[in-house]
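I'd like to ask you about the structure that follows.
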Amino acid sequence: MSAKAVSVFYGDKKAIDEVSIDIPTQYVTAFIGPSGCGKSTFLRTLNRMNDTIPSARVEGEIELDGRDIYRSGMDVVQLRARVGMVFQKPNPFPKSIYENIAYGPKIHGLAEGKDELDAIVEKSLRRAGLWEEVKDRLQDSGTALSGGQQQRLCIARAIAVDPEVILMDEPCSALDPIATAKIEELIAELNGRYAIVIVTHSMQQAARVSQRTAFFHLGKMVEYGRTSDIFTNPHEQRTQDYITGRYG
Amino acid sequence: MTERLDPTRQAAFEARLKKRYAAERRFKAFGLGAILFSVAVLLFLLGTMTLNGIGGFQRVELEVPIDFTQAGIAADPATMDQPGAIQTLEAQGLRDVVQYFAQENLGEEAASQLGGQAWRDVADEIIGNPSVLQTQASFWLPASASLASGYQGEGSPEMRALAAQLSERGQIAKRFDAGFLTRSDATNPQQVGIWGALKGSILTMLITLALAFPIGVLAALYLEEYAPKNRWTDVIELSINNLAAVPSIIFGLLGLAVFLTLFPNLRSAPIIGGMTLALMTMPVIVIAGRNAIKAVPPSIRDGALAVGASPVQVVFHHVLPLALPGILTGTIIGMARALGETAPLLMIGMRAFVATPPDGFTSPATVLPMQIFLWSDEIDRGFVERTSAAIIVLLLFLLVMNGLAIYLRNKFEKTW
Amino acid sequence: ACGGADGGSRDSIRAVGSSTVFPFAKAVSESFVRTHPDFRSPIIEATGTGGGMKLFCAGLGASTPDMTHASRRMKASEFAGCQANGVTDIIEVQVGLDGIAFASAKNGITMNLTPKIVYEALAASPYGKPQTAKTWSDVDPTLPDLPILVYGPPSTSGTRDALKELVLEAGCETDPNMEALKETDKDRFGQLCTEVRSDGAYVDQGEQDNLIVQKIESNPNAVGIFGYSYLEENSNKVQGLHMNGVAPTYENISSFEYPGARPLYVYVKKAHLDAIPGLKQYLAEWTKMWAKDGDLAKIGLVASPDDVMAANQKAATEFTTLDGAQLK
Amino acid sequence: MSPAILLLLALGLGLAGWLAARARAWTFRRSSADGRIASLPNYHAWYVALWVVLPVLAFVALWSAIAPGLVSQSVLASPAAAELPSFGFQRQTILNEARAVATGAAPGVFNPQAAGLVEPFRDALSHYNLIGVVVTLLIAFLGGVWAFLRLKPDFAARSKVERIVMAILLGASLVAILTTLGILASLIFETIRFFGMVSPIDFLFGTHWGPDPMANAANPDSSRYGAVPLFWGTLFIGAIIAMIVAIPLGLMSAIYLTQYADPALRKWIKPALEILAGVPTVVYGYFAALTIAPAIRNIAISLGATNPSSESALAAGLVMGVMIIPFVSSMADDSIAAVPQSMRDGSLAMGATTNETIRRVLVPAALPGIVAGIMLAVSRAIGETMIVVMAASTAANLTANPLESMTTVTVQIVAMLTGEGSFDHPATLSAFALGFVLFMVTLGLNFIALRVVKRYREAYD
Amino acid sequence: MSAKAVSVFYGDKKAIDEVSIDIPTQYVTAFIGPSGCGKSTFLRTLNRMNDTIPSARVEGEIELDGRDIYRSGMDVVQLRARVGMVFQKPNPFPKSIYENIAYGPKIHGLAEGKDELDAIVEKSLRRAGLWEEVKDRLQDSGTALSGGQQQRLCIARAIAVDPEVILMDEPCSALDPIATAKIEELIAELNGRYAIVIVTHSMQQAARVSQRTAFFHLGKMVEYGRTSDIFTNPHEQRTQDYITGRYG
């Protein structure tokens, strides 16, 4: 997945300014930067979730398999099935755990019959490291889980439709340290199977989970590279200032 | 610390504080008074209606024993389920038979106070069970309206005296009138019933529900979920908000000028009433629906969109089911309002006198609140109790509906 | 079966017209459906005599009423309108009589009224002059020196119609100028002779005649105007006032001696007799109930004199049609 | 065969198309490499089903409009029809009767003439029914086959089906506009007709109201159509007396409920107020006429009033005020609740008592909302009909004495339209003009109120 | 003002756990600690503003002039007049600037006649450093001021009733840096005249404006002492961890 000179506007306001980036499929990529710098905005352009914001407008190209996802005729539904998303606040559907996972496969017709569906649900929950915790209560409501479990449920839900890319927007910011650790573990495990992009405001987290890091500031991507380089040896002064806590 | 005054610890402050607390108490008392007043009015209203109305479920009846073995009415039981049965009985002089036995047993004066249609009750009984023609049977038949009011201590002195005389002999009594719930409108308060109006109300409400609910919900979905923000949407929104506040009688004028012009034959029919009320109820449902839809957190939509659901799927799989309790609450409240509505129906002929319950959406009918209105206009004192009884029935329906709405709302009140 | 939006057919009787006849029509229809449960209940609406005539004469067909009730005879002009619209064969049946009664509370004010007195006391501008009468004695020195206070029907009711026609116009016409005016300027005549004062002496009481009864019951100086049936109904509370020396009693009304008496009619379209199921039987039901001791009399209808009744019985069962030449 | 049967047929065919298309879509899915097709099989199924059902529906609508005519024509052409009476209505009745018997809707005929027509009717009906069924089948088949042939693994059935769903949603929301237009149309035409007979100046500024439905319609007396007493009565009852009751009581109820009442009490009182709001107006009207009006009259007499009216404006106004209390209280409740908690905290932190906070901070801050609520309440009060129809009179008095009887716009609308007049008489048409005035006034009040509420909500959001 | 073993519960949840502290009248005291640790909760117990939260319940004693403010018979109105409060988000009343200031003196009857009231208003605005900016538009609405001015207006409003203690709950968190600097200046000026307690999430701010600092963590007061000591030489490991940014 790659972006070429992407700018995003909210009405007249430019929130993202000509960002170009190549997102590798085999790594975890972290977006960091001070609040309001446009990390979430950019993330949402990657699966066109910003279509839901009436004032948002995108310029430039974002390519998946070499074709622009903003071309006319692009099927957004299919795009989103290929580029999944996990949000800051866990948002399970107020349905059973089973239904939460099964929803995506059902609407995309990925399973024929109940058995296949059961298998998908189990596999997804296993991958999300939630199976052991919930296997006896698949019919309980997804909202009855703890925050960390809910977030893993959301990840499992995203996995269930077998996407190519998973976008995560500060997936741990609503969680306590223990739940956060679990999610970080999970990301490490999923790494390699899916391309993962994670937005985080914690540099420590970025350092822990990602192989590549992009640093955003005031709508621009200031620097992008290996995580280890960015944290130990940034090229840009602004990056340096940010990671040493001069601002933000 | 420099020259502090500490004004808040002076005696004047404390004195003033006392007054402020007194004002506080007065204000609070006034507030409580306002609430208690409203509740008291509600209780008083319900109380008077109940007190007045309990009697409306009863009627004053006279006991008439009839010895059919002497009456010489020979009706063939087989013909008794045919349409003309009642005419047959009339032709055989059932009317006079009843009158005769009434005179025999009650005396001339009392017999003349047997309601003019009393023999029909006997006829109905015979039709239901022809074998009584071989027996002696005793019937409780409705007294005339004036004797009834005499029995209740009103009306003319002669009637009061007569009633007293009869009640001494145990031949007159105020008895529960089950027929009140199964008969229809009549001119004589002793003969009236509310089934016709109730059935009319039910038919009308069915039409209203069938039109207003789907249209209201779909419009709410459109406006809340899909409508682009443009002039057109503003116009739609404005007209819905406005319709919700247009006086109901205006809808009656609309029904009169539009529906009755298009379908002149359907004057007084539940289908027209239902259509008129549906237009009135629809905006209520739209507004309630929009609020319920708005209350569904956007994160649910995001979640569904992010796994690749289309906007239509998001709405029908997630938003609508979650908003449904709220929509239903709004619908029930709107329907309750429509059920109690009278003014627009006045305009479209639903105030006609209809002596039989409607047998379909297109046959003439009246509705419960209209029946109340019509009875309240009657001269006869006997209608006062009947009106209140009809009000009790209407209020029971409304209480159930409102209770259901409140229950639904409390049960599904969600904070996501 | 459905009434149908096709405009073609209808299977229940529709009647419109006078609100005075309305209660009697209700009773008849009620009796009709109980006798003939296989027919649909007639739909009866009180639209007023004039309004009823208009609807009735609008034409033939399912969308026009089958019959209209009237508290006066059909006018020649109305008959002509009917003819013009194709309603040629009309059956006229006089079902009985009604009187508007002037009454006061038992032990209240008593007077001997005449149409002239009533007119002079109630008109907005008697004979075109400004209304100055405050008390009854202002109108006629022999009357009590009490303020004029009359509770009466509103302009939209049939009783008001009768008041105008039977009393006010009669009183007004005692003046020759007015009588002349009737020929020359009908509108002006109507205005001078039928408009009722609105300075509080005449209180317009809404359609609820029983309220009028309550009112005069509590105010011995007040006079009420309502249909005779109410007088009879409430004979223990109120007394009728004499008019031209005649008391409003059953006999005096049925003999037209009481000047407030008027015949009540129903008009039926002959062409509908075969088209509307039950219409004939419904008409027959009227004749069964209108006798002197019949069911309608019990609710206040005054039976027509015997000869009139017989003639109308014949009209109602043999469906003789009305001859327009008889009408005024 | 009735349209209902054709409809059933269409639905059945639609179901068949649905099943066939679904099966076909599944074969696409199985044969596709990754088990994915552009749309779910169900969408393919719906696509075909809609292509079957919608054209058939259109045909059925058309057919049910023309078929009866065709049937009648062929019946009339039959020899048995020669003896029919020429008069249209009676003839139509006989035809209808025969048709009813032929279709089995009625057991037998009232009219002997109809008997002979039953057979021709049966023949004609079965003839045309056959045609109808054949055409239906043909259309369904064509539509179905055409749609079916378009199915492909990458066919975007879902977006096609969803487009129809969207069209239905849009259609539903347009009903509101149609209703508004309907109201305007039904009022405007008659109003214009009325103003053709009575001058608007006389109507709007005249002080004598006494239309005479019996008078000559061609030459109405304009001076009897002065609606000022009605406007005054409406205002006096709805905007003055009712509001004197409803505003303080409603406002104080809201304040008590939101600021003082403990949750347990609120849990009971709020539904009670809602029930008060849910009582039908006809019950209030009855209550006013039966209980309140006589009581007021007795009180007035005992206070020495001579001859008070038993249909006083006061009775109607008081009861209407009670009816409006819950309305005012819920509007006030909303707008007080919309004042941010921080205002309340700010005031309390200054050492203000609760009532000082309410009177000096909350109510002033919520004032726009409260005023808007009151305007809505007024608009409801002046449009209220049943209470005044039952408890106020029809006497158009121009007086400020609440013990006198007064009439209102709505009372007159009802009186004129249910009274004696005919439809082309100015007295009857005046009801539409009055309705128009009422509509415009409530529209204005609501419009302003909604604006105020909206602007004010935005101010805190 | 002093608290003795104060615990605060929201329903069953203990938000403050046996906190004892002596708040000196001559200094500015800062409360710091990670989000949700109970700073605001504790602050509001000091003038019983938590009475407005139905579920809140206080145990222990808080003494003002040696008497428990939670004793029955304690006059809350008077207490709040003596212990003023300034909130996180400026909340001027939607009235004129003049009315905003005059509100307190009026309801408490502190001024006799218009002149006295004018004097109080001027004095309060002067002390809050706002007089020069608004003296020409005292009749403008208080909500028409900028955020920083609004917050100073709220401080002036609190001063107007001449309280003994002023509680401030993150008074600068809604403000930009320049406005923040102005408020900090103002606090420095008011210091000495009023006892001031300020909650802040910015350690820098605490260091700048306060003489005493209390560090809260998970509902407990972990450490309390001179600000300079806390920041340079904390006794507790948790304090140390917090101020060096290990968590929070």
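Before moving on, here are some points about what is shown:
Here the chain labels run A, B, C, D and E in written order, and each chain numbers its own residues starting at 1.
As a convention for this text, a contact is a pair of C-beta atoms (placed from the backbone, for glycine too) under 8 Å apart; a residue touches a chain by one contact, two chains touch by 3 or more.
Going by UniProt, the chains are A, E = Phosphate ABC transporter ATP-binding protein PstB; B = Phosphate transport system permease protein PstA; D = Phosphate transport system permease protein.
Just so it is clear, the structure is predicted and the values come from calculations on it, not from any experiment.
Touching subunit C and subunit E at once are the following chains: B, D.
Central chain assignment: D. Criterion: smallest distance from chain C-alpha mean to the mean of all protein C-alpha atoms. Between the CA-based centres of subunit C and subunit D the separation comes to 36 Å, rounded to the whole angstrom. Centre-to-centre separation of subunit B and subunit E, using mean CA positions: 59 Å. For the pair subunit A and subunit D, the distance between C-alpha centroids works out to 49 Å. A straight line joining the Cα centres of subunit A and subunit E is 41 Å long.
Across the assembly, subunit B contributes 8, 20-21, 310, 351 as residues in contact with two or more other chains.
Annotation for subunit A: residues touching 2 or more other chains are 77-78, 107-108. Multi-chain contact residues of subunit D (touching two or more other chains) are listed as 158, 351, 353, 356, 418. The full set of touching chain pairs reads A-B, A-D, B-C, B-D, B-E, C-D, D-E. Looking at the complex, you find that subunit B touches subunit C at residues 83-84, 86-87, 90, 116-117, 120, 144, 155-157, 184-188, 191, 262-269, 349, 351-356, 359-360, 362-364, 377, 379-380. Chain contact summary for the complex, subunit D toward subunit A: residues 26, 29-30, 35-38, 40-41, 156, 158. Those residues of subunit A that touch subunit B in the shared complex are 47, 49, 52, 54, 77-81, 84-87, 89, 91-94, 103-104, 107-108, 154, 157-158, 160-161. Here subunit B touches subunit D in the complex through residues 8, 20-21, 23-24, 27-28, 30-35, 37-39, 41-42, 45, 48-49, 52, 214-219, 221-223, 226-227, 235-236, 238-243, 245-251, 253-254, 256-258, 279, 282-283, 286, 310-312, 333, 336-337, 339-343, 346-347, 351, 369-370, 372-373, 376, 384, 387-388, 391, 394-395, 398-399, 401-403, 406, going by the rule given at the top. Listed in rising order, the residues of subunit C touching subunit B in the complex are 1-5, 7, 10, 12, 22-23, 25-27, 29-38, 40-45, 62-63, 207-210, 230, 233, 235-236, 295, 298-299.
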